[in-house]
Each structure stands twice: as C-alpha cells, then as structure tokens.
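In what follows, chain A forms one complex with chain B and a second complex with chain C.
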Partner chain A sequence: MSDLKLGFPGNEKNENFETPDNVAPPWDATTKFSVMGKPHPRLEAEDKVTGRAKYSYDIRFPDLIYAKMLRSPHASARVKSIDISKAKALPGVLYSEARQGLTVRYAGQGVAGIAAETEEILDDALALIEVEYEVLPCAVTVEDAMAPGAPQVLNGPNVGGRPGRGKERVDAVHKDADIVVEAEYRTQVQTHSCFETHGCVCKFDDDGSLTVWASTQSTFFTKTAIARAARVRPENVTVITEHMGGGFGSKFGADDWDRFCVLAARATKRPCRYLLDRRAEHLIAGNRPDSIQKCRFSANKNGTLMGAWVESWGTAGVGRGAGVQNPTIYRFRAAGSEQKDVRTHAGRGRAFRAPRHPQGVFALEGMIDEVAFALGMDPLALRQKNDAHPVRSAQWPVGQKAIGWRKTPRGNGAVKIGYGCAGSRWGHNARPGDAVRCRIGKDGSVLFANGSQDLGTGTRTLIAILGAEELGVPLSFVDVRLGHTTDPYGHASGGSVTAPSIAPVVKQAAWLAKRELLEHIAKKIGGDPKKMELTDGDVLGGKKKITFKQACALLPVDSIDVTGDSRNVFRVPRFSREVAGVQFARVAVDTETGLVKVQKIVSVQDCGQIVNELTVRSQMLGGVIQGLSYALFENRLLDRNTGDMVNADLLNYKIAGARDMPEIETIPFNVAQGGTTAGVSSLGEPATVPTAGAIANAVSHAIDARVRSLPITPDKVLAALGAL
Partner chain B sequence: MKNFAYYTAESVPAAARALAGMKNAVAKGGGTDLLALLKDRVLEPDEVVSLKGAKIDAKVAGVIAATTTLAELAADPWIKKHAPAVHVAADEAATPQIRNVATVGGNLCQSTRCWYYRNKNFACSKRGDDACAALTARSQHRYHAVFPHVACASAHASNLAPALIAVAATVHCVHPDGDRALDAGLLYQDPAKGRVQDTILRPGELIERITVPDSPLARRSTYVEFRERESFDFSAVSVAAAVHIDGGKVIDARIVLGAVAPKPLRATAAEQALVGQPLNAATIEKAAAAAFADARPLSDNKYKVVIGRRLVMRALAGLKEMR
Partner chain C sequence: MTLRRIAKRLLVNGEEHEVSFLPHRTLLEVLREDMALTGTKHGCELGECGTCTVLLDGEPVLSCLVLARECEGREIETVEGLAGASGPHPLQHRFAELNAAQCGYCTPGMLMTAMSVLRKTPAPDRETLRRELAGNLCRCTGYLKIYEAIEMAAEDLQDG
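Right, the complex of A and B next:
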C-alpha cells in the first residue's frame, strides 16, 4: 500500500493507492519533475512561424483540381429549377452536381457544386449557374420563430427542449427568502471563425486507396465519414492532419462540402481541394447559439443564496443544441431551469469552446452581482460565502489581490473604471480509449505516435514532454508523430478531453518501453532491472552507469516498439470533482460615448498537473482573448427579411484585434489532481468561460447601470445610461 | 471575379487618356477597396488601369499627389503642421498594412461599406435595383446613415474626405475633355439609382492631386473619430473641424461629419452657430446640437447621433486649446 498525495500547497490530502504491477506509478504532489511543468516552446514553433508547417490548406499537387458549391441566398426557399449547362460547357469544368428540387432551410445551403481545373474557372462557372427559387417566408430570430403563424423550419414544432423540473421547490424557497431579484439576459450568436476554414484535399491512388488531408478535430471520425461518403472501406482511407488552424468545436467530421470534394476526386481521378471561403465559413460551418435567459434569484440578508430559476430560449439554427449552463457554480438551496431550443432558418449551431457555459455564466454572474447590490454586499464576498469548491475558494483571493479589487468604482470626468469577477466550472474530462505507440531505436531515437490531431493547443509538445519525463531523457531526444490515422487511435479533440486522456497513455507507453529497455540492458551490463532507473538521460542502478544512447546501442534488437493503452491508468483517486477557475476584469468606460476599453484581466485557472507552462498560459490567454471578443464585439447579424448574413467576413464580423487587448495576467494553479496516473486536467474550454461575465460585471460596476446583453456595444452602454 | 485586361499607366493624365478609350474600365490605386468589389462581383469591369506606377513629381509643400499612400501622407511634416486634421485622419485610417498601399485618390473615391451594397444577394438602389435592402424596419443598419437620403442610407466611409473638406483643400481632376479644380466639398453628390459612384467625377475623370492651403483655418484644424473596435475598424462617426479665430471671435469655421450620410456632410448650421462668436463651452454646445438637429436616425443607429454630438464638442474643445 502506498500513499498518494493530492491537491495544492495549503490544501493537500493523502489517498491510499496501490499501483498495479503492469501500470506506471502515478505522479502526485511529491513527484520531482525534470521536464514537466516548465515552459517549453512548441516543437513545431519554428515550422509554423517560417511557413514550413503544412496545413491542409497548403497541400497542393500539380494535377490538383478545385471544388466549390453555389450557395442559396435565401434562408427559406424551394429550388424550382437549376440550369447548370452553361457552367458545364465552360472549358476546364470537370465535375458538377445540381440539387434539383431541394428545399432550402438556411442561407448558404449548397444548391449546386462544381469542380474545375483552376479556382478562376471555378468562380466563373459558379456565376454561370442559373437557379430559380420559390422564395418562402423565413424566421431567423427566436422571436420570429415563436410568433403565431411562424413558418415551420423543419418537420415538427420550432420550439423544442426539455421541460424544467423542480420549479415548485424553487418557488417555495423564493417565498422564504428575504429578497428576490428578476432580470432578463441576452447573448448573441458567435461564429467559430477558425483561421483555417473547414475543408480538405482528397487524393485517390491507383490502387483505390484514398488519402484525405483534412482540417479536423477528429481524424478518426473524418476517416469513417469520408469512407462512407466515398463508398470506400475505412481501412483504405488515411486521414492526415499534421497541423490545423483552429476548430473550437466546429470540425468533428466530414461535412457536405467534404463529401462533394471526395466525390469529385473519385469521378475525375484527380486530387481535389475544397476549403470553404470565409463567407461560407460564417454561414454554415457552425456557431454558438444565442440565448434569452429570464432569471429569478433569491437570497437572505445574511448573504445566503436561496433559490435560482432560469427560463431560457435560444437557437442553433436548423439544428438543436441551444441551452445554457445557468444556474450553476454556486450553492443554492434550490435551483433549476427550463430551456427551450428554438429552430430558425439559419446555419446549424455546433459545439463551441465550452458549449452553453460562457452564455450561462454571463447571466448567472450578472444575477449574482444584482443580488449582491440588492443586499448591499460586496459581490466578491457573496460569491465566496456561497462557493464550496476547494480550488475555487483558494482562487478568489488570489484574483482579488492581482486585480486590486475595489468595491467602489474609480474615475472622474467622462471615463469611469469598474471591477468585476466571474467563476467557471468544468469536468475533468479524461476518457479511456486512446492508445500511443512508443518506439526506441538502436540509434537512440525515440518516437511517440498517435493518430489524432494537434488542434493547435500544443498536443504534440505535450506528448513529447510527458514521454521524456517518464522515460527519463531530455526533451530533445523525443520525436512525436501526430495526425496520421495509420497510427493508434486518439479521441476527437472536444470537451477538453485531449490532454487529460492522452497523458496517462503516453506515460504508460513510455513506462512500458523503459521497462523493456532496462531488461535488455540489465542483461548486458549486469544488475536488477527492477531496481534500475533512467534519469536525465542516464541509466542508473546497474553494475555501471551508462547513457541512454549507449544503452540503446546495446539493444539486441533493432528497436523496442510498444503500445500503451488506457487500461488501468484511469483508476486513480481524484482530488476535486470539478475544474475550477475565476477571472477578474478592470474596464474603463467612456460614459459620453459608451465605449468600453478592457484594461486588465486576471485569469486564475485550475490546470491540474501542469505539463507545459507555456502552452498552459497560452490556452489561458486564448481563452481570455476569445471571451473578450465575445463580450464586446462578435455578433452574427442576419437580415431578417431574407435570412442572409450581412457581416459574413472578418471586417464587419468584429473580432478583437491587437489594439483591443488588455493586460492579461495568467495565474495557473497547479493542482495534483490524480484521476489518472498523470493527473492532467481539462483546460482549453474552461479558460474562456468567465471572461464575458467578468467584463460585463466590471462595465456595470463602472457606470452604475447594468448592461444585460452581449456584445456590450457602445449603443447598449448609452441605453443603460439613459442617454439614447 | 470576372476576367479583365490590366494596364499600368505612367501618369494619372495618361491613365485618364487611356480610360477615355475604354467602355467598361476602372482605375486602380492601391486596390485595397477595388479588389474586394471585384471579388464580390459588385464591379465587373473589362479593363483595370493601375495608377500605382504613376511617377510623383518632386514634392511641393501642400501638394498631395493622388497616388500618395496614406502612410506617406501621415508622415508628411508640412501637413502635420499646417493641416493637423488631414494628418490625424490619414494616421488613424484602417491598419498599417492598408495605409502602406492605399492611396489618397482611392480613399476619396472608395465605395460605401454598406453591406447590402457589397452583397449581390440583396437589392440595392445604388446598384440599380428598385429597392434598398437597408431601408426596411427589419434590416440591419447599425452603421448606416443617420442623415439618410430617400434613395440610399449608406454611410460615406472615407476618413480623409471630411478632413480635406474642413481645411478647404482643392481637388485637381484630369480628363481628356478638360481638367478642373474644385473645392473638396464639391467632389461628392447625393446618391441616385443606378449610380455606384459617390463623386461627381465624369467617366474616366481622375483625381491627379490635392492642394492644401496654408491658411489659419487649416492650421487650426482637427479630426476625431469614433469606432467600436480599436483594431481594423472603420469609424462609426467622424468629425473634422477647423476654425479661424481672430480678435477672440470665430471668423471662419468648417465642421464636416463623416460616416453619417451617403456623402461627407458639411454641418453648415453648426458652422453658422460659431461664426461671430467666441469659442467657448456655450457656443460649442450650441454648435454640436445644431450639427445633428436634422438627423433622422434609423432604429438601430440612434447612438451615432449621441456620439456624433460628443465628437463635435470634443473636436471644438480641442481647437479651443490649439494655438
């Protein structure tokens, strides 16, 4: 029986744990790391900044052809006829498809497709397609889709969702409470706006096997989906994603356009490329659903939160999946919600970095502030009083100090400075199922391989660090191959599962390879392999000390090749049930123009066992930046007459730029989490959850009036101030 | 984009001569606006004549060649001293990358950012359609005009135009049928159905240069703008203002509003509220109110009026402090 020490300085606890024979011993709070936890630049950093790194976007062949679809300008229509003959007659047009009779349910839906020798011919060909539409009424907002007589978007009613439970209990608690606060909050639709748009390059070989370079968060889902679309056996399909330019939850498989691309490649026997243009990317490649949240919260005078009830409406376009994480985080006597999911004539929502959370937390944390003001209490104190999480409880004072928290706003003249905060929760989303191959060559080379992708979060480097740490060699000895489905299975990168799930498996693969190496070496140099160790590139505990490279040269075989999997590495006690985080904001608001300038954000985030300090901080920075952009700028604007998007570009769809950046202070909380032998936690999504809530609270603090709608644009600030 | 023939002109007058012999041609400065319009097939010319190769004569103080880039203009010390409004307008426009290629002529002749104009899925009377997609209750028009014209609610996008008008610059145009010089304020006209261009330039007529006078009015000028986002954004409202104060009284004033109407708008009522008066808090407030007294904002853009008034006050307060 051995002890496992979990937690963080100031809050540690011991758990009994016995490591099974065939499992790498878990890391805990007492582990002395030599590679882990330090700031390491990404392995591919130089390739990326010099342009050597090849994204799917960059894959070219001499005989490459290009595909693209003609998209409906109407959100609701019936295609009466499509005349594609002029396009087909254009020299260089190689393949086409016309979706006669199609019912269009959102603007941007593909109506016809062309593949051609060049992008210029393609563009001309698309302009020659003649489509006759019967335009039908559309409803692109929740209100329009719920109005009496609203057009039905799909079969079945527009309004779906689950009925709420426990309202009676919340109502009863409200009755007993000293104060009740009611308000309505709203959030907008945000599009993923991946830097690299969706799509792929498909190439068939003479033997009928298919290679697909896809910009995807799941090479393996894409493989199955493309195989089905192309009617090829999955084992004859290889998906490659060496590098990708962002997905944020919108790239989990093969889409309509990928299918068109592979069919064009098959029909023409030419490699074919289809990566969406920016307009299509906004219209049809995913978005974060909007929300209307009617909240009723209550509390007692002593600052005890009592009841919370939320009724919400939102739209994921023609899809489902609108909903909010609200109420949550804090301890209420009774809490619940009823969430309606409303279909509209708009592009389908998709998972978006912490689905449901940022929008829910914006409203929740606004309500907590409103309750605090109604009670005359410091909003931070109210949170601390009602927060039971062991990690978040330790984070609040850290953030408070870093931002210089003030109960009263500052500023004289037109510009007022306010402070706000918000919290987050997330799951420790470690999922079994990954496998990792580790190969140690006689030449001293070390390779870790997994078939999943690096979403851009730094997975490649993470694997190298974990492998080097467990093997006991310097990081520079280790190579990683990612993104080839010919390698062992890896999960889709969603739910922030990647790092926590793959970490113990990398560790396991490295440990197995190390044991095998030491057994070989023990025979050569003498010693008990069980007592021998590899540390900092040296083999210790044998009859004589040799280096790792010397040890490899002594191997009686060409290489050691083992595969670690997820069996047994997940049965480790865990420190806390949820991933915790808090953020604080300081903003300056020009009360004459309504302009909000975020001055500083402090992000304090539970990172579990930190693998790479640099990529941990960059996830936190990215989370704040995307959250700030959501709070102040981003907004999909649809014309309510036709349902087309008016700002489907990167000029009018406003994303925060360099000059909009505040000072961002990242304070990673290293917590020996356990849960797996590696103790690594989810980070990518929780890091963006509280930002909008913290900024909104700071704005309201500054101007002493509440803005309950995102994005917080100057007009809304002026309206809240009564100046419009 | 549709295929076109591409020519490079040696000078602006040579380009004007070349354009005269073509039926469906456009001139190209830096191409930062034109390229987007071509890609979206809003414009489908058969010929494009580039002015980028045009040689600029030796620099003369106060003379701005049309092919000068915004970055060069922003770095011009004479302009900075004698027409601060123009300096700031050039310096604040767009992004460093765009300022490095965008030309002064192109900036003055750029198209509106109206997203209905730029998306051929929508009806636009400027493009010749019977209706204007922006002018309905259910349209998205938060950045559109607050002084709309009956036919068009587009907002004029140029930073430079209000500034050049405020300092009473002169625009020199070339055309094979005869050159002309006009006050920058007279360069623009009200919108009309089927006319994509906002200027009064005849087909093939080009701006060759702009002259900025060395005047007390131009020296006491300023430009302020408001945009939602610091990086990469157009202004939602801009104000260029200039005053000539003598003996404690304003004897001449120009106040020009940008991004609030289909063309840059001289706020003549505001100017008149100042002339003959000292420049003080009371007259400034009066002028600001007068500037927007006739505004008719759409349902989404009332905020532009509130902010516009503030900008007029800030601009004039800045001029008060200036020597």
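Right, the complex of A and C next:
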C-alpha cells in the first residue's frame, strides 16, 4: 500500500492507493517534475507567427470549387416556389440544390445552394435565384413566444424546460429567515463570433475515399456525421484539423453547410470549399441563450444563507438548451429552480464556453451582494461564511489581497471606483475513451499521436509535455501529431474534458513505451529493467549509464510502437469534486456618461496539476477577456418584426478590443487533484464563469445602484442612477 | 457576366510577381486565392476585424477593402515576408515565446500592425499600442500578451 498526497500547500490529505502493475504510477503533490508545470511556448507557435500554419480556410487545390447557400431573409415563412433555372444556366455553375416547400423557422436558414467555379460566379448565381415566400408571423423574444396566440415555432409548445422541485421547502425556509430579497436579472444572447468561420474543404479521391479539412472541435464527430450525411462508409472518411480559428463550443460536428459542400464535391468530382461568411456565422452558427432570472433569496442576520429559488426563462432559438446554473456555489439550507426553455424564430443556440454558467453566476452573485447589503455585511465576508469548498476558501483571501478589496467605493468627482467579486465551480471532467499512440524510433525520435484537435488551447503542447515528463526526456525530443482521424480516438473538445481526459492516457502510453525500451536495454547493458529509470534523457539504474539516444540506437527493432488507453488510469482517489475559482474586479464608472471602464481583474483559478504554466495563464486571460466582453458589450439584436439580426457583423456586434483591456492578474492555483494518474483538471470553461458577475458587482458597488441586466451599457448605468 | 482577368505586377515582400486576376478582386483575394499566400487570414470581408491586415507602402491596410489593381507599383508586405534569412523577426519570436498567439487566426494581422508601429515608434508606450492595435480584434487571449510581445521586441530591436 502506497500513499498518495493530494491537495495544495496548507490543505493536503493522504489517500491510500496501490498502483496496479500495468498502470503508470500516479503523480501527486510530492512528485518532482522536470518538464511539467513550467512555461512552454506552444509547439506550433512558429508556424502560427510565420503564416505557415494551415487552417481549413487555407486549404487550396488548383481545381477547387466554391459552395454557398442562399439564406432566408425572413424568420418565419413558407417557401412557395424556388426558380433556380437562371442560376443553373450561368456558365461556371456546377451544382445546385433548391429546397422547395421548405418551412423557414429562422432568418439565415438555407433555402438553396450553389457550387461554382469561382466565388464571383457563385455570388452572381445566388443573386439569380428567385424565391417566393409566404411570410408568416414570427416571435423572436421570450416574451413574444410566450404571449397568448404566439406563433408556434416547431411542433409542440414553444415553452419547454425543467419543472422545479422543492419550492415548498424553499418557501418554508424563506418564512423562517430574517430577510428575503427579490430581484429580476437578465442576460443577452451572445454569438460565438469565431474568427475562422464554420465550414470545411473536402475532396474525394478516385477510390471514393473522402478527406475533409474541417474547422471543428471534434474531428471524430465530424467524421461520423459527414459519413452519414454523404452516405460514405466511415472508414473511408478522414477528417483533418491541424489548426482552427476558434470554436468556443459552437463547432461540434458537421453542419448543413458541410453536408452541402460534400455533396457538391461528390457530384462534381472536384474539391469544394464552404466556409460561412461573417453574417451567416452570427445568424446560424450558434449562440449563448439569453435569460430572465427571477430570484428570491433569504438569509439570517448572522449571515447564514437560508433559501434560494430561481425561476428562469430563456431562448436557444429553434433549439433547446436555455437554462442557468443558478443557484449554485454557496451553501443554502434549501435551494432550487424552475427553468423554462422557450423556442423562438431564431438561430439555434449551441454550447458556449461554460453553458448556463456565466449567466447563472451573474444573477447568483448579484443576489449574494443584494443579500449582503440588506444585512449590512461585507459581501466578501458573506461569501466566505457560506462557502465550504476547501480550494475556494483558500482563494477568496488571495483575490482580496491582489485587488486591494475595499468595503466602500472610492472617487470624489463624477468617476466612481467600485470593487466586486464572484466565484465559480466546474466539474473535473475527465472522461475515459481516449487512446494515444507512442512511437520511439531507433533514431531516437519520439512521436505521440492522437486524432483529436487543438483549438488553440494548447493540446498539442500539453501532450508533448506530459509525454516528455513520463518518458524522462527533454521536451525537444518529442513530436506530436494531432488532428487526423486516422490516429487513435480523442474526445470532442467540449466541457473542458480534453486536458483531464487525455493527460493520463498520454502518461500511460509513455510509460508503456518506456518500460518496453528499458526491457530491451537491460538485455543489452545488463541490469534489472524494473529498477531502471529514464531521467532527463539518461537511462539510470543499469550496469552502465547511457543516454536516451544511445539506448534507442541499441533497440533490436526499428521502433517501439504502443498505444495507451484509458483503462485503469481513472481509478485514482480525488481531492475535491469541484474545480473552484474566484475573480475580483475593480471598475471606474463615469456617472455623467454611464461609461464603465474595467481597471483590473484578478483571476484565482484551481488549475489542477498544472501541465504548462503558459497555456494555463492564456486560458485564464482568455476567460476574463471573453467574460468582460460579455459583461459590457456583446448583444445579438434581432428585429422583433422581421426576426432578422440587425448587427450581424463585427462593427455593430461589439466584442472587447485592445483599448478595452484592463490589467489582468492571473493567479493559478496548482492543486494535486488525483482522479486520474495525471491529476490534470478542466480549465478552459471555468476561467470565464465569474467575470461578468464580478464586473457587475463592482459597477453596482461604484454607483450604489444595481444594474441587473447584461451587457452593462451606459444607458443602463444612467437608468440605474435615475439619470435617464 | 464574364470578366476578363487583368495582369499586374505586384511587389510582394520585396519580390515582383506578374499576377493575373479578376479586376474587382480585393488584395486579400488576390494574395490568398491567386498567389496562394494564405498567411494573411480572412475574417469578415467587411473591414471590421483587422484579421487581414497587410502593409501597403509601410502603412497597415485592411486588405479586404483594397482593390488589388490599385496596388501596382506599391510595396506590399505580408506575414510571409517578416522572417529574414536568419530566422523569425524578433516580433515573431516574442509572439511565439509569450503565447501571444492562441488559436493564431488574428496573429498575422496583429503582427503586421505591430510591425508598422515599431517602424514609426521604436519604443512605443502602452497607450500608443492600445491606440494603434484598436483595429485588430482577437477572440481568444491575445491583447495583453501581444502588448508585452511588442514591447519586448522593441527592446530587442533597439539592442540590435
């Protein structure tokens, strides 16, 4: 029986754990790392800064053709007729599709498609398609879709969702509590706005096999979906994603337009490209659902949180999935919610970096502040009193110090300075199923291969670091091949599962390869392979010391080629069930113009066992930047009468720019989490969860009036101040 | 309507190329589609995101808003031309080193704008960078690391 030490300095616990014979020994708080945890630039960094990195949009062939779809300008309509004959007669038009009789349920829905020799011919052809619509009434807001006599969006009622449970108990707790606070919070629809739009380039070979260069967060989902849509056997489809320009939850498989692209390529026997234009990207390629959250919270005078009940409404357009993660984080005596998911005539919502969380936490943390003010308590003290999580409990004081927390706002003139904070929780989303190949060549080369993708999050580099660490060689010895579905299976990059899931499998593959290498070498140089180790590029413990490269040269075979999988590497005790984080904000609010300027954000984040300090900080920075953008700027605006998006571009749909950046202090918390042999945690999503809540609380603190609606635009600030 | 291609001599990254292209094509389209220089990225085609920034006679322009035919005889610089014979330019080196590129899609445009800043202002302060980079959007993580990378590259260049 061996001991496993988990946790972080000041809060460690020992767990009994015996490593099975066929499993790489787990890393814990006592492990001395050589490569892990240090800052490493990404392996593909030079390709990205020289323009050599090829994204799907960059894949070219001499005989490439181009596809595009005609999109409905109406949110609700019946297609009475489509006359595509003039378009088809245009020289250079190679393939077309007309969706006669289609019922349009959102603006931007594809009505017809063209593939052509050039993009110019494509645009000319699309302009020649004549569509006669019967325009029908539409409902694009939650209120309109719930109104009596509202048009039905799809079959079945517009309003769905989860019925609430336990309201009686919460009501009873409210009755016993000293104070009850009620308020309504609202959040907007946010579009993913990936800089590389959705889509693919695809090419059939003469033997009927299909290669798809897709901008995707899941090469394997895309492969399955394309195979099904194009009726190609999955084993004849290869999906390649070497680099991709942003996904954030919106790129999980093949879409309608990918299917059209593949059909055009097959019909014409020519490679075909279809990546969405910017307008379509906003309209149809995903968004974070909005929310209306009616909250009723109660507490006792001593600062004990009592009851929390949230009733919410939101829309994911024609899809489902609107809901909020609220209440959560804090200990209530009784808590619950009822969440209504309302269909509207708008593009389908998709997973967006921590679905349900930022919007839920914005309202939750606003309510916690409101309870604190009603009690006359410091809002931070109220949080600490009601937060039992071991990691967050340690993080609150760290953030408090870094931001210079103040109970009273500053500022004498028109500009007021306020402070706010918010917490987050996420799961340790390690999932079995990944497999990683490790090949060590006689020439000393080391390759790790997996078929999943690197969104820019740094997966390729993470695999190299984990592999180098377990093998005991310098990082520079290791190569990684990622993003080809011909390699072993890897999960979709969603739910922040990628790093925690693949880490123990990389470790396992490296360990298996190392054991095999040492057994070969023991026979050559003498020694007990079980007592031999590879450390910093040297083989130690044998009859003589040799380097890794010398050892490889002694191999009696061309290469060692093993595949590690997820069996047995997940059965490791865990330190805590949550990934914990807190953020603090300091903002300056001009009370004359209503303009909010974020001055500083402090992000203190549980990062599990840190693999790469540089990408950990990048994820934390990125989470804050997107959260700030959500808090202050982003807002999909639909015309209530036509249902069309009026700001489907990047000028009027504002995302945070260089001038909007505050000082951001990232404080990664390294926690030996266990849970797998690698102990690596989820990070990408939790890092963005608390930002909007912290900023909103800081704004309210500064102006002594609450803005309960995102984005916090100047008009809302002035309205809260009674100046409008 | 069939349009005839026009032939123009374009000076790209110090080399003159005879390129034939449709007369209405933007510089972005000609670089990417007719010259296979895909380092310059396509973001919005509306002049809003800065992703397609290149230098024209040393000034940053949005190549999606410039007609290629108007670039004859002018000096065009793209990300492919930044590296020299001795390897990546200090700007590229610092961007890579600091993780100023995450997904990397906005990076070529950022680099080109940064290059023009450094030529005009060898030691730019933060406020200058905030102003000059305001037209280049990033969706992942870039801005702060991008500032730091440019500032460090500025020091590298001054140190020679």
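Keep in mind that, in the parts below, the second predicted complex is superposed on the first by the 724 of 724 C-alpha atoms of A that agree within 3 Å, B and C clash if a C-alpha of one lies under 4 Å from a C-alpha of the other, contacts with A are read in each partner's own complex, and residues count from 1 in each chain.
Everything that follows uses one rule, which is that contacts are C-beta pairs under 8 Å (C-beta built on N, C-alpha and C of every residue); 3 or more make two chains touch, one makes a residue touch a chain.
Because the structure is a prediction, the values reported are computed rather than measured.
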Per the contact definition in the header, classify A:R278: touching chain B only (first), chain C only (second), both, or neither. second
Would you sort A:T713 into first (chain B), second (chain C), both or neither based on which partner it touches? first
Looking at A:Q619 after the superposition, I want to know if it touches chain B, chain C, both of them or none. Which is it: first, second, both, neither? second
So, A:D123: does it touch chain B (first), chain C (second), both, or neither? first
Figure out whether A:E592 sits in contact with chain B (first) or chain C (second), or with both, or with neither. first
Chain B or chain C: which reaches more residues on chain A? C
Check whether A:E168 is in contact with chain B, with chain C, with both or with neither, and answer first, second, both or neither. neither
Given the touch rule stated above, what does A:T642 touch, chain B (first), chain C (second), both, or neither? first
Check the residue A:R659 against both partner chains and state whether it touches chain B (first), chain C (second), both, or neither. both
Taking the superposition on A as described, I'd like to know which of chain B and chain C A:G245 touches: first, second, both or neither. second
Set intersection of chain A contacts, chain C complex versus chain B complex: 120, 124, 651, 657-659
Residues on chain A engaged by chain C in the complex (per definition of touch): 41-42, 44-46, 48-55, 57-58, 60, 91, 118-120, 124, 193-196, 243-246, 248, 275, 277-278, 455-458, 614-615, 617-619, 621-622, 625-626, 649-651, 655, 657-659, 661, 664
In the complex, chain A residues that touch chain B: 73, 107, 120, 123-124, 127, 592-595, 632-633, 637-642, 644, 646-647, 651-652, 654, 656-660, 713-715, 718-719, 723-724
Residues of chain C that touch chain A when the two form their complex: 1-3, 22, 24, 29, 32-33, 36-46, 48-49, 51, 78-80, 82-83, 88, 92-93, 95-99, 101-108, 111, 129-131, 133-134, 136-141, 143-147
Where on chain B is chain A touching in the complex? 1-3, 41, 113, 115-116, 119, 121-122, 133, 136, 138-140, 142-143, 226, 228-234, 236, 300-303, 306-307, 310-311
